[in-house]
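Look at the two complexes coming up: subunit A is in both, with subunit B in one and subunit C in the other.
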Partner chain A sequence: MFTYNFKYELKSLLRSKWLLLLSLTLLIVVLFAGYNGKEKVEKRVSGLERVTSEVKEKDNAMLKILDSFEKGIKTNQNPRTLPSAPMNVAYGYPRVAAIPAKALTFIATGQSDLFTHFVKPSVYGDSFSMDYTELANPVQLLFGTFDLAFVIIYILPLIIIAFSYNIFSEEKEYGSLKLLASQPISIYQWLLQKTALRFFWLTLITLVVIVITLLFFGFEFGSNFSSFIQLISLVVAYILFWFAVVLLVNILVNNSAKNAVSLLAIWVFVILIIPAVVGQMANVFYPIPSRTKMISEVRELKEELSKKQDKILDNFLRDHPEYATKNGTKNYSFWHKYTASQDLIEEELKPLIDSYETQLQKQQEWVKLWQYSSPAIIMQQSFNNLAHTSTAHYQEYRSQVAVFSKEWRNFFKPLLYSNKDFTTSMYKELPSFKYEAPKSNSVILKVVILLVFSLIFLSIGRQIFNKKIGKGSVIV
Partner chain B sequence: MIFYIIKKELKEIFRDGRFRISAGIVLLLAIIAFFITFKQYKNTTLQYDEAKKSERRVWESQGEKNPHSAAHYGNYVFKPKSPLSLIDQGVDKYTGISVFLEAHSRNEAGYSDAADQTALSRFGELTPDFILLYIIPLILILIGYNTFSKEIEGNTSFILKSQGVTGWKLVIGKWLAVLIPSVTITTILFVTAGIVLSNMDNYGLFEWKEICFLYLVYLLYYLIFTNIVLFISSLVKKSGISLVINLVFWVLACFVAPKVASDLADTRYPYPTHQEFNEQIAEENKKGLDGHDPWSDKAQQLKAEMLKKHKVDSLHKLPFNFNAYLMQKSEEHQAEVFAKHYSILKQQAKKQDDVYKSLASISPFLPTRFLSMAIANTDYQSHWDFSEAAEEYRVDVQRFLNGTTEKNSKYGERYVAPADTWKKLKEFEYVSPTFKEVFKQNTSIFLILVLWFVISSIVLFFTNKTY
Partner chain C sequence: MIKTSNLTKKYGDFTALENLNIEIKEGEILCLLGANGAGKSTTINLLLNFIAPTSGSAYINGLDVTKHPKKTKPYLTYIPENLMLYPTLTAIENLDYFLGIGGKSFSKTELRSFLGQAGLQEEAFEKRVQYFSKGMRQKVGIALAIAKEAKVLLLDEPTSGLDPKSSNEFGELLKNMKLANVAMLMATHDIFRAKEIGTHIGIMKEGVLKHHFLNDDITLQDLEKVYLETMTVNEEAL
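This part shows the complex of A and B:
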């Protein structure tokens, strides 16, 4: 039966030109999506390259000046900005702290259009309130990007629905089901095979199209094989899920028009309503505290502290006697007061600042918990994880930058207080930033959950089918 | 005749279990969405009032201070929430809510809601505009996809014809029947919103004519959708295929077209990154006067000019504080540089906007979306208006502060202004553009929407003669 079924399905698919039309449409759509993603990644990479080379150039110039200064050769550098003064380096020569793009970044824009991908934390300024938002047209953010994630999460299920909403009901409506029923075959097996074959063809086309797109945009399979496999298994599991739904609806409803309506309703629920409700609930249960309030609180605290700067410095030196000058002269500059009070500000504001991050964390945990309510959420989360564009990635990046900017300040503090010069030999010891991606959960669990969903639907379908056979209501 | 058709169709629609379930769900979702948005709106307005008051209090209680220190201390201005954001939140989530105004630099509005939310919020939020723009058209499809095809499938089209029904009357009857349920839901939503807004004590500049116009826009949107749904239903003989085609149209119009438009706009007219933008400004600022660098050539030049103008030989003999004057001149130069670069950015935004507008002719969703945001004052343009008003205020603040030093002190002395100086600064009041102005800016897009309606109606009524 299988070979007959296989041949028949292939023939009818080829004759109706469905397969050709589908492959072409998918190829164009996926290539376009890949192009959009790649364009964004390229802009990001070139921006980062430019800024890194600028910093390098500036560093080289600084080293030259330092070298001349150490050898006693006069330069025409403004004495106020000489890099031998440590705070001039700390302020004027910041490092680039970047979150680099990964091989699969172009498949899902995620949150990457909201945030900047590199900052230069200097010794001046508040690392906690650093601005990470990128300059963008908000209309664009509202509409989102036409990326691979969108095609797979939104469009692919629709193709599956349009492709097979009448897979069973059509046979009934044409009367060919009666013919089939008179054959010595199991109708359920036949239906299952028919669906499995369509699943096979659609999966094959989708995978080929994805591989072509990845090849076209220079994806390196060798070094990124595991992410490639993760991507592919997610896509296959997602397609399987929708085919299971289609099969279930075909058995349950078994009327082409009603099938289409039911499938449409399921699509709307899974892809639009559930994510919107889960997202809204995250906001309602874990609301982010008011930013306007934060602004006022930060200002009030700063104003209060700035009036007590001298006292703060005194306290600071009492806590850190190693920084106090040995001969007792009190010739402290702006930077002494600033670094001392900055520590205090950060300490005082830490609970307030953390409240935003913890609330966001809680929202994410909520989403993580409820992602299983809709395969669309599972897919979006996993795609963003694979692309390194998820909320967690940017949050991790922000917290690493905060740590780094403290490290940067602390590197110069001993030099400032001991009144030492910054030298060429110290250049190599300057702290540098390296982004470490957060450990993300493996997609295996998510794939398994999608498979479990599909199996549940299949077995429900089987039960209903058996019941209908019992009642004799499958064919008529 | 038309009345009978409507009555019969409505009866059929309401008998259908699927319609009852989905209409019930939509109504429930609309109520929840409305309730949540209303709560958020009230909260935000409250926070806005609080922040505004506390900001002014902090500013006024600075005590004795050098005015330029106060300029660096800066002040925040906050963007008020527009009343109609209750119906359409527009891009509010993606634009910041406050701008920090300080000496020497123009800052972008910071802290957008989207940056504080998970990636899930990018799926769309349960807000009234989500229901109005995406879900109600879907209800129209659900009701209307088989209006004509069911007559063929059920073999009733001949019976209908034998009754002597006129083609256009049948179309009108069915057309109205499809529209009535959705229009009822929409009307309930708008009337509730209108009553709620007009009964709030602190509702800003709410006007009935705005909400009426917004209602009209959505009505047009649904009329267009109904035209298209009925058109597809009359072309296709099978209900299932009619539904699939309708669905494809809905996805293309509401999801694909906006995304493609935004990608096209961004590829053709890309925005600079923050870094690039700031560097360009810093580069140009360097070439001009720097108020903190009185030794520069430009400053020396200004000094010579002033000495010559007032016919004195030393800065001390000038009738005003030259340092403050220099500071103000440099501030003016910087403001010019900012204005120039922001106008370049605005040009780019305008070009992107043109891309969106030109694509509005391929999807009725786009003109509706833009009009709705514009009327609700939650579109990109209203954000520009706000940030430009903030910049204007910033320039005024700098002039006031530098002027205070200039008038009240001599060259070389560090002026400390008395504690009551800060009260004299006028407060920032942002007035959003009036309905008339908004309409003027969006006439072309409104015309596109009307054109959509006219063309789709013509197509529907002229291809339906056979019925």
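This part shows the complex of A and C:
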């Protein structure tokens, strides 16, 4: 039976132009999504390249000045901004702390359009509480970004529904089911084979289209083979899930119009309602304090502390006698006071920052816990992880920047207090930032969960089919 | 070949078929006459095991259709009122498909021969059936029976909606099948066609087989009279 089903299902699909239409639609949509994602990544990469080259140019100029200064050659450099003064380097020559784009970053925008992907944490500023763009296109916020993740999670199920909503009901309504059922075959097996063949063709087309898109946008399969396999496994499992739903609805409802409405209702529920409810619940249970309020509180606290800078410096020098000079505090500059107050400021701000970060983390844990309530959440989380654009990635980046910021300041502090110059030989010792991605969980568990969902639906479908056959309501 | 024993089908309080006892041997055609809802199609659906009987049994070639559905189906071919084939496939492809899924494989020449024997014009063999008339589709059904070497043919109002010429052609095909010793059960509203091709004629009403004649024992006029009388009894009672 399978050979005949395979041969004639393919002939029917080709002659009805379904496969052609499906392939073209998917190719256009996926290529467009790939283009959108790639454009964002390229903008990000070029921005980073620009900043890195600016830093390099500035460093070269600085090294020239330092070299002249060390050789006693006069330069036109303003004495107040000479890089021999450590705090001038600490403030004026910051390093770039970036979260680089990965091979699959273009498949899912994730949090990358909300958070900045590079900063230049200087000795002065709020690098620990990195700014992020709060202004975004409201239409984009509503519908999300048209990237590959969006196409797979939102559009692909609609294509599956359009392709197969009447896979069984059509046979009954058209009248061919009776002729089929009068043959010595099991109708359930026949239906399963027909669904499996549709699943096969749609999966094949989707995978080919994805591979074309990846190739088109320069994805290197060799060095990113594991990510590619994970991506493909997720897509196949997700398609299988939707075909299992389609099969179940066809068996349960078995009326083309009602099937279409039921499947669309399921799509709305799984793709829109459940994720929205999970997100909303996260906000209700773990509300994040206002970012604006937090920034305003940070400023207030800083202002308050800045008024007490002399006292803070006294305390600091008491704690760090190695930095104290014989002349007391009167010769200490702004930078002495500022750097001395930074640890205290950070200490005072920690609970405020933590309240924000902790709530954000709790929200993430909540979503992680409830992600299995909807395959759409599973997929979005997995795609963001593969693309390195998840909230966890950006949280990790923020914390690494905060650590680096401190490291940068602490590098210059001894020079400042010991009144030493910054020299060309110290340049190589300057701290540099290297982002370490958090350990991501493999997608295997998520793929398995999607497969379990599919098997449950297939098994329920089988039970219902058997019951209906017993009642005689399948064929007639 | 076809036998029912006290075959009954009830839907709640409604009795669709009550204690039907018929036997159709090789080369016999039983034409079941009756109004809509008389139980003709229910009988066929029970013989095909599309629905389960409430009580009684149905047999094809001596096998209980409920207990051995897959074993009985190779022996039979079913031609419904509207034989719906796959519109994007040609006549040959449709025939190949329906035979193939049932485990029978034939060469293209053989398939052409079956269609030819069923009376389908040669130029239609490679045409998609979406352009076929009802009569042409019914011929593909007959070709299916010929290819399967079916011993039983179940026909549910196969000539309704056919033009007189096509209906006549179809009748001739059934007569040929009769000569090939096929047992046939045909549900129909057409008294004249029943009298023309049936070896036996039954009249059903409200799920009960009211009359059963040997064709030779009754004239067309008498058959028509009995049929009309049977149909009007209840109306008078009302």
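FYI, the second predicted complex is superposed on the first by the 450 of 476 C-alpha atoms of A that agree within 3 Å, B and C clash if a C-alpha of one lies under 4 Å from a C-alpha of the other, contacts with A are read in each partner's own complex, and residues count from 1 in each chain.
Assume a contact is a pair of C-beta atoms (placed from the backbone, for glycine too) under 8 Å apart; a residue touches a chain by one contact, two chains touch by 3 or more.
Source: prediction; values computed, not measured.
In the overlay built on the shared chain, the residue A:261 is in contact with subunit B alone; subunit C does not reach it.
With both structures placed on the common chain, the touch criterion links A:11 to subunit C but leaves subunit B unconnected.
Once the two complexes are overlaid on the shared chain, A:111 sits against subunit B while remaining clear of subunit C. Contacts of A:391 after superposition: subunit B is touched, whereas subunit C is not reached. Of the two partner chains placed by superposition, only subunit C is touched by A:1; subunit B is not.
Of the two partner chains placed around the shared chain by superposition, subunit C is the only one that A:190 touches, whereas subunit B remains out of contact. In the superposition on chain A, A:182 contacts subunit C only, with no contact to subunit B. Of the two partner chains placed by superposition, only subunit C is touched by A:174; subunit B is not.
For subunit A, the partner with contacts to more residues, out of subunit B and subunit C, is B.
Within subunit A, no residue touches subunit B in one complex and subunit C in the other. Partner subunit A is touched in their complex by these residues of subunit B: 18, 22, 29, 36, 47-48, 50-51, 54-55, 58, 62, 73, 76, 78, 90-91, 93-98, 100, 108, 110-126, 130, 134-135, 138, 142, 145-146, 238-240, 243-244, 247-248, 251, 255-256, 258-263, 265-267, 270-277, 345, 349, 352-353, 356, 379-380, 383. Touching subunit B in their complex are the following residues of subunit A: 36, 39, 43, 47, 51, 110-111, 114-116, 118, 131-146, 150, 154-155, 158, 161-162, 165-166, 256-262, 264-265, 268, 271-273, 275-280, 282-284, 288, 290-293, 295-296, 299-300, 303, 356, 360, 363-364, 367, 376-377, 380-381, 384, 389-391. Subunit C meets subunit A in the complex at residues 45, 48, 50-52, 70-71, 73-74, 76-78, 80, 82-86, 88-89, 93, 96-98, 100-103, 128, 141, 154.
Residues 1, 3-5, 8, 11-12, 15-16, 174-176, 178-186, 190, 470-472, 475-476 of subunit A are the ones that touch subunit C when the two sit in their complex.
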